[in-house]
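The same subunit A turns up in both complexes below, where it pairs with subunit B and then with subunit C.
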Partner chain A sequence: MTRTPLRPLARILSARANGENPDTIERENLRLRHEELRDRSRNRAEGRLLLLGVAFFMAFTIIGGRMGLLAASQPEEPRAAATGAEILNQRADITDRNGRVLATNLLTHSLYAHPKDMVDPGRVARELAAIFPELDAEALQKRFTDGRSFLWVRRKLSPEQMQAVHDIGDPGLLFGPREMRLYPNGRLAAHVLGGASFGAEGVHSAEVIGTAGIEKALDARLRDPAKGTEPLTLSIDMTVQAATHEVLEAGMKMMNAKGAAAILMDVTSGEILSLVSLPDFDPNDRPQPLVGAKDDPADSPLFNRAVQGVYELGSTFKIFTAAQALELGLVNPETMVDANAPMQWGKHKIKEFQGKNYGPLLSVTDVIVKSSNVGTARLALQIGGLRQQAFLKSLGFFDATPLELVEAPGAKPLIPARWPEIVTITTSYGHGMSASPMHLAAAYATIANGGLSVTPTLLRQDRPGPGNRIMSEKSADAAVSMLRQVVTKGTASMGEVPGYAVAGKTGTADKPRPKELGGGYYKDKVINTFASVFPANDPKYVLIVTLDEPVETSGPEPRRTAGWTAVPVAAEVIRRTAPLLGLRPAVEFVAPDALLAANAIDE
Partner chain B sequence: MTEMVYGSMPMAATEPVLPRWWRTIDKWSMTCILVLFGIGLLLGLAASVPLATRNGLEPFYYVQRQAFFGGMAVIAMLGTSMLSPDMVRRLGVIGFAGAFFALALLPVFGTDFGKGAVRWFSLGFASVQPSEFLKPGFVILCAWLMAASQDLNGPPGKTISFAITLTIVGFLALQPDFGQAALILFAWGVMYFIAGAPMILIIMVVGLVGFGAMFAYNSSEHFARRIDGFLTPDLDPRTQLGYAANAIQEGGFFGVGVGEGQVKWSLPDAHTDFIIAVAAEEYGLVLVLCIIALYGTVVVRSLFRLMRERDPFIRLGGTGLACIFGVQAMINMGVAVRLLPAKGMTLPFVSYGGSSVIAAGITLGMLLAFTRSRPQGQIGDILFKRGR
Partner chain C sequence: MRPVIYVLSFLAVMALAFWAYRENYATQQALREVSGLNREIAGLREALSVQRAEWAYLNRPDRLRELATLNFDRLGLLPLEPEQFGDPKQVAYPPEPLFNIEQPVNVSGEEEPL
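Right, the complex of A and B next:
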């Protein structure tokens, strides 16, 4: 125990000395100290109580003020769809180059159930099954009564179905707003758009995510909240697309082809105005992909032949060989080259179509016009394999196209692993290496625009930058002039469209036979391609038309060359689309009055 | 001499009880409290009808009950206010012991009325919530202990009272009833503040709480979401808070008219936690400001009267009682206008409640007993230039 000292010690000691009782002194001292302590604490408490009082006063004032503010503001109607509304309409529309809608969003409703709130689950299940044939009343009733508190019934309802469900009148059936992706043009541009489906789903909204095509490739851009609802503008022109689609579909039927593809591209900007692949599908109701082990994915309507289809493109490649030979100064269009067929190269024999012989000598122009394999092979040998590879690489044939489709990066050209001289020879006329029609379109655009590289794109380019120069304008113009002669006097004579000076090159390639069926090539299955440029005097557009296994049967024997199948279809496409593209037909001068004209001749 | 022979009226040593009570009581505060009780009955006429309808009772069943319990509460209040502070202390401490015992027995004998928290004893005709009766007793006990600790050689009252506080908070958190727990903690804090908490400690606690809240906000997603949900300006109009805010807006300045309000039909707690919304909708801002002014008057007047008080026990006890009364009203109304996060707390003396109204009556009776004017040793100041 601590000893407390007696206080005040001096007085106590003196009191003790005088024989007085020190206790009274100590008690008096204690009392005084108490009083002092209490005074101090009272003064302090006084200040703090004042503080407390002021704080309470202020708090009550703030509450009163806030009440006043609230009372002065306008009431707001409680709305059921208040929360989550901002999640809706997050996906931007997609429009064509002129702002016409290709993909948009539509507000529908989903149907879900709170079985705990349900009055009569049995009746609800029966009536729902009556409205939606795909639902089974018994299974539904089982799910309604197994104790769960929430379940989805349907993802999308039409307004009529929604009304019918309303009429059931059960409090346990609830609707949630659900925004769905709508493609108002149906099959048009199906392969470009791809499709969309629901991602994360909630009662108030659901994420819409792209599943294919540009919807998937640019999913992040379309869902970017910073861009809001600013639509994504494609380079596609809806009218041109519709015309191309219609002509190609008719042509595919007429030529008995099992598939077809067409690409229409602007030669300077690389913008794709039309991209059709047939057969196609309705992106509003995307078919299931083929999953069987034996199924060729290329047989699915989902397959985009223009981008994913990698084919040996045949004679359409010959112009690259000719153009490079011109560019390198090895030849000029009139130079005569050895075209004596067949040509023996090692153990290989290079033959012409149907064993013809165009030789012994042909001008470079005629090599292209007559589509001579041997002549092209001679040119390629002059160029050499290394330079040939470099040129094809600069045209984009060695990489997948940078197109804004999710399928594009997967479509890599098939390049021979080694490049001996025989590969140089076969590649020069388009065999041995495979590429997609999209590659071909970009390469032809380079020749057509005077030798500048082109990046194919599906987005509208407002100010396209000039590409890299790949060849001189002179060589490119010479190449276009050769292509023009292919139409005027060569294999593509059916491609002539009055007023639009079509230039182009045909290509017929035998389809490779799968290894399990013996390898090699089919005799009666071909891929026909017509790569065209128009108008030839000032090329603006490239059109590639590819037909898969066509056969033209109007003649005495079936014809399978591109000149008979792909070329007339392409010509019809150009006839229909060129006016839509704003090109004036270059017609010869006709005097306004026949009589005046006759007089003029007389004089 | 005559008186010695014949006997006579014994001379009263002090003034008669009633006149002295009437002379010394804070008549303004008492009037405010009675007016509040009257407003409570008036609002009960509107707000409790839906509840009675839901429970299949006659429309004004709850108004009659409120009038009965309120009458008892007024009697309790007046009776308590006539007691001397010493008597209040004795009864308060005994009452605290009883209430604490009852609180401790809750987990065994209590009922939760299907609300998920065991807070009540069911007595058949009425239910009793021990924590309501505990609060005034607790304040008295703490005030006593703290006042004693201010004496030299006194007990360590602040420490002891803090230990008691923590025990009670623990019991209440077990129920769980965090609102009452916070109220108890707040009452102790205020008394400790008035009893002379060191400023440095207060600053440290405030800083620590702020820092802790920041830490919790940054590290706990749940906590952050609650706070964000509270801070977000737009409100889901289908929640209780949404309905309350909507009712206040509908009411405007003068209300939609007696009995015309709609919010009482949508809110399950219209007669208790959200009675202020009913008042705002039917009678408008006028009545709400009136109610706020009444509460403000009681609290602020009491605090100012206590400033002059020299007895530390009375000062501390009065402060604690006034503060729990005021803060409860403040929290209730602050929630309705979204100044504070949602927390179920009744509006004392106005909200419907059986035994809790009686407890509120006792609380206010004690407060009135403490704020009565009594000699404060001014003579001593004048004569000796010092206090008692």
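Right, the complex of A and C next:
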């Protein structure tokens, strides 16, 4: 671009010659130049605006077009993408701690009918009733012909039944896919698993929802689509559970008990390795709960005695009194306490079992070994009600257990509303307040764990955190050693299992009579409990065995004490399960022949 | 020169059309295969879950216990008991070779002096 000078000499000279002002020429030129500059920049700005406009227009057109396409087109899955297993699993599996399946899903079919499409409703009804005995041909025919256009016939069909229905060959009978919950082990862990049923149902699928146990408590986790392929791992060991179940069932029959419960717990992590409650049920075919006015829900097989059964646990509580007295430094295991029975307290008389008298003085260890009510009561009076309450609270006896079962929060311990001294006395030997065997297991685990609190759990713990300190290791060890002596020379002598140094405490509590039958306690109905810890020198497991209304009839008169009923059953459970848990018995080795014996001496 | 370019470009268009036609059908075929495979995978997954359930059902402790009882003559299986834990000392190792006696002098030489 050529730049024109503002004052061209030729025009200046001619202007001067004509007597004009040369400055007007300069101004005129300056104006022209400015106009030119203005036009150029306006052009550039217009170009930019146009470009931006076109860009925006295209962007909006693309977005609008895409939206229109999405709105107008048929939805379709990308066909080339690979499908994962996530879609198939509507509900996560449940496995035991070693990955063996406890609950899984199975694809079956449901049967529904479109009566308007039926060729011969009468024949269909007859043939269906022949395949499914629980269906009534006449009622079915009435429902087929009352004008409705849709009805469910059955929720689940086996493949054989499905084929049989196919063979009826009526166009009005239709199948829909159904994912059903399957418990391959049947009754084995029925109370832990609970059961499942269908929620919202459609023809093409149905919701599977948990109805009890861990299936309901962790329903959200099991149904979480993000974790559908990842099984829920429980702390239960299936082998141990099977052995416990077998032994407990045999023991319950042998002791003529109405019910039984067993809990086996790891004392460091609080993991429950086995939880059995008898009688039990098949979670694949969960029975209806008892709803009659006179029915006691505790008589239903659905009732989980280990968790929901809130009982007076009897003498098993005495060790807590003794342990607290040791912890407070009031006594040591050899201190002599007054155990002169019967003990008069106000209008109450505290007696020993069968009116015996172990007194006048007993060492604290012997109070536990002989299970002296009076001795324990004296210890409790030394401790005092407030401190006793605080200690029992720290052991978890005042709240429901935090177990991952839907039944657990409902099983609150029964605590006396007021705490006068007579309650302090009765609570010290396990009467007047009620708790579940699960509470007892957690509290015994705390003692066995060297005084660190233990939270019972049904989920496998890979890195359990240490609990709070409830009592010193020294008092806890002293308490375990007292429990050991109960087995070696006390009320639980049948609990000795060679090699496993069982320590434990028996408890026999009379069953309370319902108010309608006069209140008070039954004379011939008891709940027997044996709370044990093994091996005593390095406690690893806690086992609680509870028998409901047992009676041992091998002697001349029926025996109803825990030492004769719950203890032998617990001993057999330990004998069977301890090897499965990988515990080596600490037995002196007997050489099978002289040669090897000589070798052994040489070394 | 110009007609040659026209002919060549026409041929190129024809070739590309033929190629696109083949690609289209090959893609459709591949998609059909994929959906067939997906169906097969879904079926196999379903079969797998059924077989897992069946395996768990066949291995349920009740049944294994019954089978062990039925076949006791042949297998002799009993529940694990504490007595079955062994000790390395119970293993019969081969005895150490006896001291080789060749000459009576050797023997007297090994004796401790009185």
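Here is the rule we use: the second predicted complex is superposed on the first by the 477 of 603 C-alpha atoms of A that agree within 3 Å, B and C clash if a C-alpha of one lies under 4 Å from a C-alpha of the other, contacts with A are read in each partner's own complex, and residues count from 1 in each chain.
Just so we're on the same page, contacts are C-beta pairs under 8 Å (C-beta built on N, C-alpha and C of every residue); 3 or more make two chains touch, one makes a residue touch a chain.
Source: prediction; values computed, not measured.
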First (subunit B), second (subunit C), both or neither touched by A:Glu35 | first
So, A:Tyr500: does it touch subunit B (first), subunit C (second), both, or neither?
-> second
With the two complexes superposed on chain A, say which partner A:Val101 touches: subunit B (first), subunit C (second), both, or neither.
-> second
Please indicate which partner A:Arg575 is in contact with in the superposed arrangement: first for subunit B, second for subunit C, both, or neither.
-> second
In the superposed arrangement, does A:Thr239 touch subunit B (first), subunit C (second), both or neither?
-> second
Should A:Ala45 be classified as contacting the first partner (subunit B), the second (subunit C), both, or neither?
-> first
Jot down the residues of subunit A that show up as touching in both complexes, subunit B in one and subunit C in the other.
-> 79-80, 82-83
In their shared complex, subunit A is touched by residues of subunit C numbered 30-31, 34-35, 38, 41-42, 45-46, 49-50, 52-53, 55-57, 59-62, 65, 79-85, 87, 89-90, 92
Touching subunit A in the complex, subunit B uses residues 150-152, 190, 193-196, 236-238, 242-243, 245-246, 248-253, 280, 284-285, 288-289, 292-293, 295-296, 299-300, 303-304, 306-307, 310, 312, 315, 319, 323, 326, 330, 333-334, 337-339, 386-388
Touching subunit B in the complex, subunit A uses residues 30, 33-35, 37-39, 41-42, 44-46, 48-50, 52-53, 56-57, 59-64, 66-68, 70-80, 82-83
Any idea which subunit A residues touch subunit C in the complex?
-> 79-80, 82-83, 85, 88-89, 100-101, 104-107, 182, 184-186, 188, 238-239, 242-243, 246, 497-500, 575-576, 578-580, 584-585, 587, 589, 591-592, 596, 599-600, 603
